[in-house]
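Chains: A, B, C, D and E, in written order; residue numbering restarts at 1 for each.
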Amino acid sequence: MLVFNHLETYLYLALVLFAIGLYGVLARRSLIAILISVELILNAASINFMAFNRFLAPHPAVGQVITLFIMAVAAAEAAIALSIIVAVYRKLKSINIEHATELRG
Amino acid sequence: MGSCDPIFLSCFLIVALPLLSFAVIMIFTWRRHKLSLSISLTCSTIPLILAWSLFYKLHNAVTLAKPIITQVNWLVSDAVIVPFGFLLDPVSLLMLCIVATIAWLIQIYSIGYMEGDPGFARFYADLSLFGMSMLSLVSASGMLQLFISWELVGLASYLLIGFWYEKFSASEAGKKAFVVTRFGDIGFFMGLVFLTFFMKDLNIPGLGIFDINGAALTHKLSEAQVTLCALLIFCGVAGKSAQFPIHVWLPDAMEGPTPVSALLHSATMVAAGIYLITRLFPLFAASATAMSVVLVISTITLLLSSTIGMVAKDIKQVWAYSTVSQLGFMAMGLSAAALGGSTLFAGYYHLTTHAAFKALLFLCAGVFIHHFGTNDFFVMSKDGGRKLMIPMVTVTIGALALAGIFPFAGFFSKEAIMAQLWHLPNKLWVGLGLFGAFLTAYYTFRVIFVMLFPRKDDNPVWKEYYVREPGGHGHGAHDDDHDGHNGNHGVPWVMAFPLIVLAAFACVLGFMQTGLEKFLLGESHPHEMNYLLLVLAVGSALSGIGLAWLDWGSPAAKWQGFIRKVPVLENFFIQKWYMDHFWRWFLNTVIYGTFSRIFTYNDRRVVDGGVDAVAFSTIGSGRLLSFLQTAFVQLNLLFMVLVLAGVGLYLLMGR
Amino acid sequence: MNVMLFGPELYYLGAALVFFFLTLKRKPEPKADYQIAMALGLGGLLVTGLCLCQHGELFFKAYRVDLFSQIFKFALALGFFLVLTICHNLPQIAERDQAEFYLFLTTTTIGMMLLVSSVELLTIYVALELSSYSLYILVPLRRGDGIDVEAGIKYLLIGAVSSGVMLFGLSYLFGATGSTYLADILPKLPQLASSPIGLLGLLLALAGFFFKLSVFPFHFWAPDVYQGAANQVTTFIATASKAAAVALLLRLAILGAGYGYSFTKALVILSIISMTLGNLVAIIQRDFKRLLAYSSIAHAGYFLIGILTLKEAGYIAAIYYALAYLVMNFTVFMVINEVAKDGRDLKIQELAGLWRRSPLLSLSLIVGLFALAGVPPSIGFTGKLLLFTSAMSQGYFWLVLIGAVNGTISLYYYLRVIYCSYFTDDPNLGPITISTPIRFLNYALIAIVLGFGVFPDRIVELAKAAVKTVL
Amino acid sequence: MLISPLMGLMVLLLLKEEQKFLIRAVSLVAAGISLGLAIFVFVAYDKSLGGLQFVEKYEMVKTFGIAYHVGVEGLNAPMLLLTGIVIFTGVLTMWELETRTKEFFIWILALVTGVFGVFMSYDMFMFFLFYEIAVVPMYILILVWGSTRKEYAAMKLTLYLMAGSGFIIPGILMLYAASGLNTFNMLALHGVHFSPWVQKAAFLLLFLGFGVLAAVWPFHTWSPVGHVAAPTAVSMLHAGVLMKLGSFAVLRVAMYLCPEGFHYWAQLMALLATVGIVYGVFVGLAQTDLKYVIGYSSVSHMGIVCLGLATGTVDGLNGSVFQMFAHGIMTALFFSSVGYIYDRTHTRDIHELGGFSKIMPVASAFFITAALCGAGVPGMASFWAELLVFIATVKVFPINGLLAIAALVVGALFALRVVQTTFFNTPNPKFEHFEDVSPFLGLPRMMLIATLVFFGIFPQTMVGMIKTAVIPFLQGM
Amino acid sequence: MNFLGSFLTPQGVATAAFFMVVGMTIVGALIAVAARNIFHNVLGLVLALIGVAGLFLYLNSPFVALMEILIYVGAICIAICFAIMLSEPMYLPRPPRKLTKILGAAAGAGLIFVFLFLLTKKTTWVPAAQRSTDWSVTTIGHYLLTNYALIFEVVSLLLLVAMLGAIVIARGGRGSS
């Protein structure tokens, strides 16, 4: 069997992408970088859906549709996130997440 | 036995009327003295008449073995059934009459004594309450009713002793009386509870119902059980009848108005203890151990109080200690009788006579106190105490009776007790009894002689004895307030009348010995006179008087007790054998200082502190946990991820 | 297709359209906007009420209309309406943004309405995102000095990660069962009992709803957002969105029934930690809204109690409590809103003298807080007791014990608030005037909180009927 | 009976704060009606018939088996009477209250509604509901109208009692769940034979939970603090009635439903009760605040109640219920006297008050009566109660019984010490201008005393009533 | 030759290309999260997304791969670039990285990775009993308009909301400054 015909290959790959994204969310200071990392997470999920779609699902169109929707949602999310980031920059003069420390306790 | 039974009805009235009077006065008429007085007097006269009529009607009909019991159920719980009713037998009938009479006399006497006191009405209310509880006590058909009355007596005495409550010593004395007797009562109560506890096999339905004499039961209990119960019940006796070591309340109880002293310490309250022993005589008699203890304690009491009486300067104190010693005497008589297999007559007889002459003595003292505004008989003496003819004569009669001089009542009753002691195998007891008699005569006549034969005004002895402290000991200060009313009028008739009646009793009662015995026991044992004992007894009494004459009476007397020669002992006696000190130490150090403080500390720090600590640690943990909510969102996210992974891994491993 | 089935959603879509047109106006007219919003809100309540008894399936079985969903839709409409009632002044929202405010409020409501009816994973996801995104926008709409955007970005970040995790979990569910329809998934799950994927996929998938409900460990946004958002927005987040989340959790949790103990054990742990943590941290709060945020975390734990029983009684209790929570929490928020007329964050101390300044509000506050604390005779008490009852019937003794002890802890901070409002006074503060509608609202809320607490039968029967359609 | 305080409450809500007289009058009428009803029930109860009478039943939540189910029997009739008397006198006592009058009476009527509800309910759910209703208003009542560290006290009291509820809820639900009957009806649950483990656990939970309210040692510390802080009528209600809720609930719920659990834990109960009795008096000895003194005497007396319950005999239970009643009245009397004195002098320090009886003989007489009753003087109701309890205890737990009896001496010392220091002695000149109790204000106290004495002289009226319930109760166990 | 030939088989080429795509994805992702320059991050993201699109090709979905590139690379990344320019200036000195934070993040991500890895490994993936083989775009369109019609509508609403929201939030910012 070829490596790209294995479901697990894609699952592990998605997992790696997920973990990298998660790392980025946890480690980066710049809000934009965090947003980028979130996109990676969503993509990881997309890969999963696509992989299941390819190897397991009874109706192979379903996973693709889902992935399309995820993209749309990601786009919306990016739009909102970016606008909020801009607003954050306007008010806090910084997009470093570590500077947003008013709320605690 | 319905409530329409005439005997029940009259008994009920005897008990209920004073209670009614108490309630009415306390609630409605406590501001109106005259009205209260008339209510109270009415409510004590009727019982008096009823009591005597009962006595006449029944004195042939009842015997110790065949009492009349008339009762209704008061409280019916499951195993506890408390009847309310009356038991009439010779013992209780006689006591009923004595109590009713003395209570009545004292009410009469108090008209004069308490006149003008702001608490006049309250005083009568309390007297009524006391009368009621005492009457109920002596006629109670069940042990529990007896106990209840017993407690009520304590309550009433508390109210009466602390009558002048704004005086610290008075309220203190009241408290002391109540608590100390309560101390004994607890023992009594435990004894009762144990009795029912032990007898549960007998299917005795309740505390109250069993035969008050307990005679039938004794053989069904083991010796040890009887001893335990008897001793516990004796605790109650000791409390009420002021036996060593819980006698300390009685001398202090002299803080009350003198009629109260007379009432409490002659005929009634203190007699209740002795009365209880008589009531339960078969029970006590069944346990030799218990009776030996009683004998020892009563002997100690006798000696202790007599010796203290020798050095007291307060006339009421002297009488009080004499009361204690006489109570010891009675208890000795009863216990000796029990040990010797004899009857209860001697002790009970002494109780009767003592009631008469001690009331007399107190009332006389009351007259003096009232007149001179002091309790110190040395002061009375200097101020001309002997000019008051009636009380002086009656007090002498009383003193003679107390000392046991023929033909006064005390002679006969004391003789009877001596006879009981004589029968004991160990002659030490009779010796101690005689010594007690000697001391009694001595301290009694010390008072009489000092009063009768005052020194000249310029005699140096006054320096020591004429100390008229302002507001001093006793109620001098208080009585001063209304001295003006009757100070120089001699003795008002309301006060003189009871004196004369009682003096008459003191003279007459002695000759009724046979009749009384027959009445009480149903038969009279022919007395074989023990002349040796007679001589010894009279001799010791006379020698006591003689010594008193030498020390205090004769013109040459130096007014120094013979005990002065042993200063250590004298001091010991003046300090009342340090019994007060002991109790004070006990109270302050053990109760307040140790238990109370430890418990309080524990409560504040450990129990409450523990609760507070829980509360604080809750808040603290909240503060601690709030650090989770850092301002750094990524830390929170990390935490979130870690928990998620943790839960996931846990579930993964679990499967 | 029966329009009535989709009635509420369509109605609110229309309302959103109306608001959209309002946003296009050149000159902002807040008063007019508000009146229109109120009218629409009331109409929505009516429409939803009329559609209460509908049932049927739409969109190729992706969408199910039944009593269960309709009850929650009604609750959402109620929440929406109630929030509108306290929007008569929106000091913290710029005047020209107010129409947008209503718009996003409407869209989030639509999202939640879709959510409670969805029986398909992707629909659920998208509906959830719709409601979330509207809220993400609403939070930084506030005029603030930075905490608004801070709250917004934190909300968004945690939300994004949660939904990412959820999506990942959904993908596993999809992979394991090959379907996105709950109706298809449910029968397939028992076959997966031997492998952990169903259970853990479900757990991951639940993350998004835990986030909405602010269950530990997805609760971190709650305090910040409650404090940072405008009072009205916080009110909506604290009331309506919880109801929606509970509804979805009830639907999804059924999937875990096959896993028995291990699934519920995870929920038990989360529930216990949630309520303990929420209650403990709430004790030390000074800001009232923040305190309520922690209280909502604690309440999330209580909701979980009902959910994790996976039995009819527990579901009934959870539905009852969700409705109750909506009303009682709203009562408290309404008081906050009336006291903080200028829209500021209310410190607990600032409640001083409330009993003098406005006895009615203080009464409402007491009733609301006591209800939250579970003090009778209030719906909070009855609801909590029903929850505990259902849990105990399933043998969760320790859970109930801890829950009950937690009730005590929670009482402490609620009482502190009551203490401030009732027993401290600040003479500088003048009386609070409240308008007549608000006055009636107060009476109505108090009556509801107390009345349904003592006579819960109707609600319980309703919930019972609703649960029958889910289980 | 439930309705009348509720109606009063409703009417009060409508009244304005300014109409003080009307407010008071309405409250009084409401309280009076409840009292009248309580007396009516007490008198009209058919003792020969026994069992549950005046039953009202109405299904509340069918799904969970919750019903409004109230009735009267020998156990709760005395409690109802007690509540009626105390609330009536309490309202009279607070007649002079000026600050926030309306709210005060609202809360107090709410509280009383709860109390009546608890005593009458035969449904565990409603029982608990009313229980909480009775407990919670305390917080507000203490906080607004209280004194002396009121914040701390109110918080402590409420939290403590609520923590108790935290134990009660699992206990109740455990029984509910274990029965499998899906009903909260106690009569129905009584028929279920629970497994021993359930019984033990549930009993312990319920005992601890309700024990907090009954001030069982060592859960008593809220009680003195709370009493000190509370205003007069609240102290009266609280010590007089509310604490009884705890002990009544132990009897009604815990013992009734878990007899085996009770037998298992009876030793513990007796032990805690005994410690409480002894401990209460000793700690009370060291107190100087009048209300603290009373608070600790309550701890001691509630210990007696608990001890009576622990015996599990007819006598013990009779005595125990009787003691609840007697102690309720007595404590109400205590607090109303103290409250009166405190209102005038603003001190409760027993040394400072010294010689008070010269200044206010009547007020003092009330207090002294209560103190004597507390010391267990015959002629008062509590004497009989204690008597029954002690006799029963000595039979079952001899050592505990003896210790408790011995504590009576200290109890007497305790009562008299207070009386002496406070009322006897030389009067404090500071207070000499105060007037004594007016007849109107004296009326409630007189009522209380009359009750005490009436049942002291005719204990059978009470015991006969209690017995009708206790005997079948114990047979059922 | 033989050795080389084995690579030159269609399968070999496909495998090599697959590894390249995988490498692109992972390296791109690493750049996206690890690089300090924010533009490098974006470029990394682009790289990763193109990789993902390649993966989609391998998964028989050219349409989705196309959409991936269009939407992500074409829209989202451009938007991100605009945001970068609208916000923080690039020349500002950046504070040094905190090791603890990185370690913590790595631990968190690692733990999740381990968890999901184990999960994936333990699971036996069972294909559906009956599988349709219709991969065409037509089917996708069919699904979009039938089963997922609702989502389709909702997503449009979602995008509308997102746009409006972005405008509102951005406008508010401008007004205040």
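What we mean here is this: a residue touches a chain if its C-beta (ideal position, glycine included) is under 8 Å from a C-beta of that chain, and two chains touch if they have at least 3 such contacts.
Small disclaimer: the values here were computed from a predicted structure and weren't measured.
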- Task: Would you kindly count the fewest steps from chain B to chain C, each step being a jump to a chain that touches the current one?
- Result: 1
- Query: Any chains in contact with both chain A and chain C?
  - Reply: B, E
- Specify the chain most distant from chain B by Cα centroid. E
- Ranking chain pairs by contacts puts first A-E
- Query: In terms of CA centroid distance, which chain is the most far removed from chain D?
  - Reply: E
- Between chain D and chain E, what is the separation of their C-alpha centroids in Å? 70
- Item | Inter-centroid spacing, chain D versus chain A (mean Cα positions, whole Å) | 64
- Task: Please work out the Cα centroid separation of chain A and chain E, and write it as a whole number of Å.
- Result: 6
- Query: Taking each chain's centre as the mean position of its Cα atoms, how many Å separate chain B from chain D?
  - Reply: 36
- Query: Residue numbers in chain D touching 2 or more other chains?
  - Reply: 159
- chain C, residues touching no fewer than two other chains: 122, 126, 129, 133, 136-137, 140, 153-154, 157, 161, 168, 172, 175, 178, 196, 200, 223-224, 284, 412
- Multi-partner residues in chain B (2 or more other chains touched) are 626, 629, 633-634, 637-638, 641, 644, 648, 652
- Interchain contacts, given as pairs of chains that touch: A-B, A-C, A-E, B-C, B-D, B-E, C-D, C-E
- Where on chain C does chain E make contact in their complex? 13, 20, 23, 58-60, 62-63, 94, 96-97, 100, 103-104, 107, 110-111, 114, 122-123, 126-127, 129-130, 133-134, 136-137, 140-141, 143, 168, 172, 175-176, 178, 195-197, 200
- If you look only at chain D, which of its residues touch chain B in the complex? 156, 159-160, 217-218, 220-222, 225, 279, 282-283, 285-287, 313-315, 318-319, 355, 357-358, 365, 372, 375, 377-379, 383-384, 387-388, 390-392, 394-395, 398, 401-402, 405-406, 408-410, 412-413, 416-417, 419-420, 423-427, 446, 459-460, 463-464, 467, 470-471
- Which of the residues in chain B come into contact with chain E in the complex? 634-635, 637-638, 641-642, 644-646, 648-649, 652
- Task: Would you tell me which residues of chain E are touching chain B in their complex?
- Result: 101, 104-105, 107-109, 111-112, 114-116, 118-119, 122
- Taking the complex as given, what residues does chain B use to touch chain A? 626, 629-634, 637-638, 641
